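Letters A, B, C and D name the chains as they come in the text, with residue numbers starting at 1 for each one.
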Amino acid sequence: MIYEGEFLKDAISKLLADGYRVFAPSRVGDFHVFREISSAEEADFNYILPRNSAKVAVFPQNEILIEYGDWIERVPMEEKRIAIVGVRACDAKAIKLLDKHFLEGFVDPYYKSRREKLLTIAIACNNALINCFCQSLGINPRKPEADVVVSEIDGRVFVSADTEIGKSFLQGFNLRNENEEELEIKKRFESEELKMREIRVDVEKLKKSFDSPYWKEVAINCKSCGVCTYLCPTCFCFDIYDEGEKRGVRIRTWDSCQFPLHTLESSSHNPRAEKWQRLRNRFYDKFYYTLRKGNYYCVGCGRCIDFCPAGIDIVNAISEVR
Amino acid sequence: MENPYVPYKAQITEVKDEVKGARPIKTFRIKLVDRDRFDYKSGQGCLVSVFGRGESWFTIANSPTRPDLEFSVLKTGKVTAKLHEMKPGDIVGIRGPLGRAFPLEDWKGMNIVTIGGGIGQTPLRSIYQYVIDKEKDYGDLMIIYGARTSRDLVYKDELFKLIEDGYNVQLSIDNPEKDWKYFVGFVPDNVKRLKPNPKDTIAITCGPPIMIKITLNVLRELGFREDQIYTTLERRMKCGLGKCGKCRIESYYVCKDGPVFNYAELSAMLEKV
Amino acid sequence: MNEIEKIKDALKSSNAEKIVAFVRKESEPREVLKVLSPNEVDKISFSPLSLNNPAKLLMQINGKVAVVAKGCDSMAIRQLIKEGKLKRENLFIVGISCKGVVDYRKLAKFVNLSEVNDVELNGNDLVLKLKNGEKRIPFLEVVDENCLYCGHPTPVIYDVLIGEPREGKRDFSDIEQFERLSREERWNYWISQFERCIRCHACRSVCPLCYCEECMVDPSNLAVSPMSTPEEKASYPRILGKTVNARDNTIYHLLRVLHHAGRCVGCGECERACPMELPLRMLERKLEKVVVEIFGYDLNEDIPFFSKLDIVGD
Amino acid sequence: MKIVTFACNWCSYAGADLAGVSRLKYPEDVRIVRVMCSGMVNPAWILRAFRQGADGVVITGCHPGDCHYMVGNYYAKKRYLLLKELMKFVGFEDERLKLLWASASEGKKFAEEMDSFKKLIEQLGEQKQLRWTP
């Protein structure tokens, strides 16, 4: 369907009026970050990819699990509905992958409390960034998997909804059906591929190269920082710790498998003590281990390549494995 | 829906000193306060939480056929140091039972050999208690256990009692001591000496990594197949639910898909443990 | 002979077992540090895109290493030698008199990076060799801001120097200007910056001087050994947790920066690594200003700042 | 009000002790942490104290030249100045951090200085800038 006007801004105003917590890209200096906004003016959609991923909306960097005194006093849960506006195909896919992790097996109640009330509004990509490679992982950047999808083609705003929650949200808007020409335009838009990098994943080769000295070579310049994992839309590792001796909170915060402390045991034994082991773990985690769950846990957003201070490139590292 | 991150309230009812000295071990008997004990199986563990300090994973040290829950705790860090200060009556939190248990049901009719070293005896104790309590269902039981010195042996009283009662308990210490009547040497050497028969036998080993490694070689020399050998792994754990990613080995979470693994599974992994 | 050929020649003459130098990435106009063997010397490149500081990489390598170092890189190498982390006799330093490096993020605003084949400095212009054609940008528009305050563009320690020596300067005008703001303005500014920080610890990890095995800001002790006593492990002070909020982040950055007093070499790696583009160099430069103005210490002195006991400030 | 005081074992702690023995009153908000030397006071502890809700922090040590370990208080002063300048730079109320030289015989001085520091902190009010809240 077609919307006349700025759909995303109007959607934000409506969501805020409906009592949603809205996460949208907002401009900071020269770049954009996903964060919670309180008015439609704070959002800015003149971007391709925000610095951080949209996972902050469903899996915040720190959250309180339990408030305690002598014993548990309160277990806070998200009560408001949450909306992510302006998510790209890669981040939208990543939320699906996070669902798999947090909702299969033991159900994570904190994640669930946000996820089951979540509305995602995605934008189709018109351009790719220099390090985008989502297409080679089977994601169509022009057809994101989300509740509501917005595509801006030649000045026309196409809006569509695939899910129930998305359809009912759209009922509040004045939309008209596409005419035949427009349907054709949209169809063509969705089938056109964007020019971007490609990753070649050879699972058999990965399996054979696990003990290869290649990984030491790749990791030689790795700094063991958390940029790649903290910006990654599918990384889900976290840490739990208590803040406050007599009275306080049990907090869950993001953690990174690249930090040597991540796996350090109290006995001083560390299963992944060397940085090349940790980096290899991250690569295998994305492309080999998680296959048992049925997916690659990489969506090709390219953030880890853009912002790696050492210039480590997951596309090159995986494609050229030996 | 129950929140798996929220612990049950539990009370310490008994504290027993197992080992004293610089690396003390205490065994805590714990009773749930607001509810009955949950069902669990040998090999499973719990996250014991002390609010203000954190949570730690401990394997349940007694068999489900015995009352209450027992945990043996080696003093190593923040949580365990606090636990060691605790007395009967103090409140702790328990989350569990977590993880995959030993397939004791599948082992019916088989002979059981437990090979333990140091604090690694904990999960094995749960097994031999279970096997003793259900003696009719199992074949012969052999308990092989060793520690650095006689003072470092955990569950001493219980083991000596078992010897008195005629069970096949083989103890060892690393260096000779006065008044020591049993084997002197490392645990794998003791296994080599005792030569358990691999026919219809399950061997379960747990202890320091180096001991496990050598024991595995010894067992395979004796003719044990990989799927006849079980062990438990230890990793840093936080959530216990297979979410936080700390205890992950490949796509397995030690807290959820372990801690019990058989050797065939372990040798199929890329990352050697 | 152009610059790059001179660098290659110098590296060839070094007899080193390993070479640490920049190599151009294929997919984007970016140069990354690599450890090469002597027969791979032709792979190296050097341009205003050679941003990173190789000093941290040197600490990982045993044996004789040849390294390509800009002014700030050589400062870091000298500081690490001073602190006993590197050995001078193991290093062969090809020093390059540096005209400043490009801020990759600024460059991306001028041109689609995937179009760029090569960059080159020509007079006051940065010349971009594009897939089709050429583009000139005034270098000042894309230069890393940090380079504008560079105190040591010419290497302070080297075996071979390439390029004409250049004068550095000491300029704290930006810091002084910031200091004139009211306290509230300053606090609001920094809080608005720090609340963005995601505490990925990249600033710490890339810093050539942050080589400690055990870091104050970590919630537990990395330097445990099998001999550490339970009491020691239990009582390890946790200064900060992993919680991320403007206040904790402020503490983290203050704490991190404090350890660089009289040591910071001004390479700007922290700011370059920061995915959230925090103005981290400002803190470091403020500290440098204190060290220079209150303590009268000069980074070129042989005695480390903290060991110098005759200076205690007013 | 919470005022955390790091007092060196050899001079200032004894000075505080003397103030107590001489029945010189100093504010009960002052909580003393005894350390072996002012030189071991890590700036991290100071920031930690502010994070945990201290309204003021005082580092006390021996007079320059009197340090039991020869130079500990020189280190203390260097660290103090650096931290204070940085705090000022980011807009933290740096008056909340104070360095005080007090010898074992200066019980009176210790009590007086603490009194006036407390008055200053009271004027500033509660420290909210770095206090941790979940």
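The rule is simple: a residue touches a chain if its C-beta (ideal position, glycine included) is under 8 Å from a C-beta of that chain, and two chains touch if they have at least 3 such contacts.
Here the structure is a predicted model, which is why all the values come from computation and not from measurement.
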Innermost chain, where centres are averages of C-alpha coordinates: A
Pair exhibiting more inter-chain C-beta contacts, B-C or A-B: A-B
Averaged-CA centre spacing for the pair chain C and chain B, given as whole angstrom: 50
Interchain centroid distance [CA atoms averaged], chain A/chain B, Å: 40
Centroid spacing, where centroids are CA-atom means, of chain A and chain C in whole angstrom: 30
Separation of mean Cα positions, chain D and chain C [Å, integer]: 35
Shared-contact residues (touching 2 or more other chains) in chain C: 233, 243
In chain A, residues with contacts to at least two other chains: 239, 241, 243, 248, 251, 255, 264, 266-267
Interface hub residues of chain D, defined as touching at least two other chains: 132
Topology of the chain contact graph, where touching chains are joined (line, ring, star, complete, other): other
Touching pairs - complete list by chain label: A-B, A-C, A-D, B-C, C-D
Parts of chain C lying in touch with chain A, wherever the complex brings them together: 25-28, 30-35, 52, 56-57, 60, 105, 109, 112-114, 196, 198-202, 204-206, 218-220, 222, 224-226, 228, 233, 241-245, 269, 272-273, 275-277
Contacting residues of chain A [partner chain D, same complex]: 64, 67, 243, 248-249, 251
Residues of chain C that touch chain B when the two form their complex: 229-231, 233-234
Chain A - residues contacting chain B, complex: 65-66, 68, 70-72, 75, 101-102, 105-110, 207, 210-211, 236-242, 244-246, 248, 250, 255, 257, 262-267, 269, 271, 281, 284-285, 288-293
Footprint of chain C on chain B - complex, ascending: 22-23, 75-78, 80-82
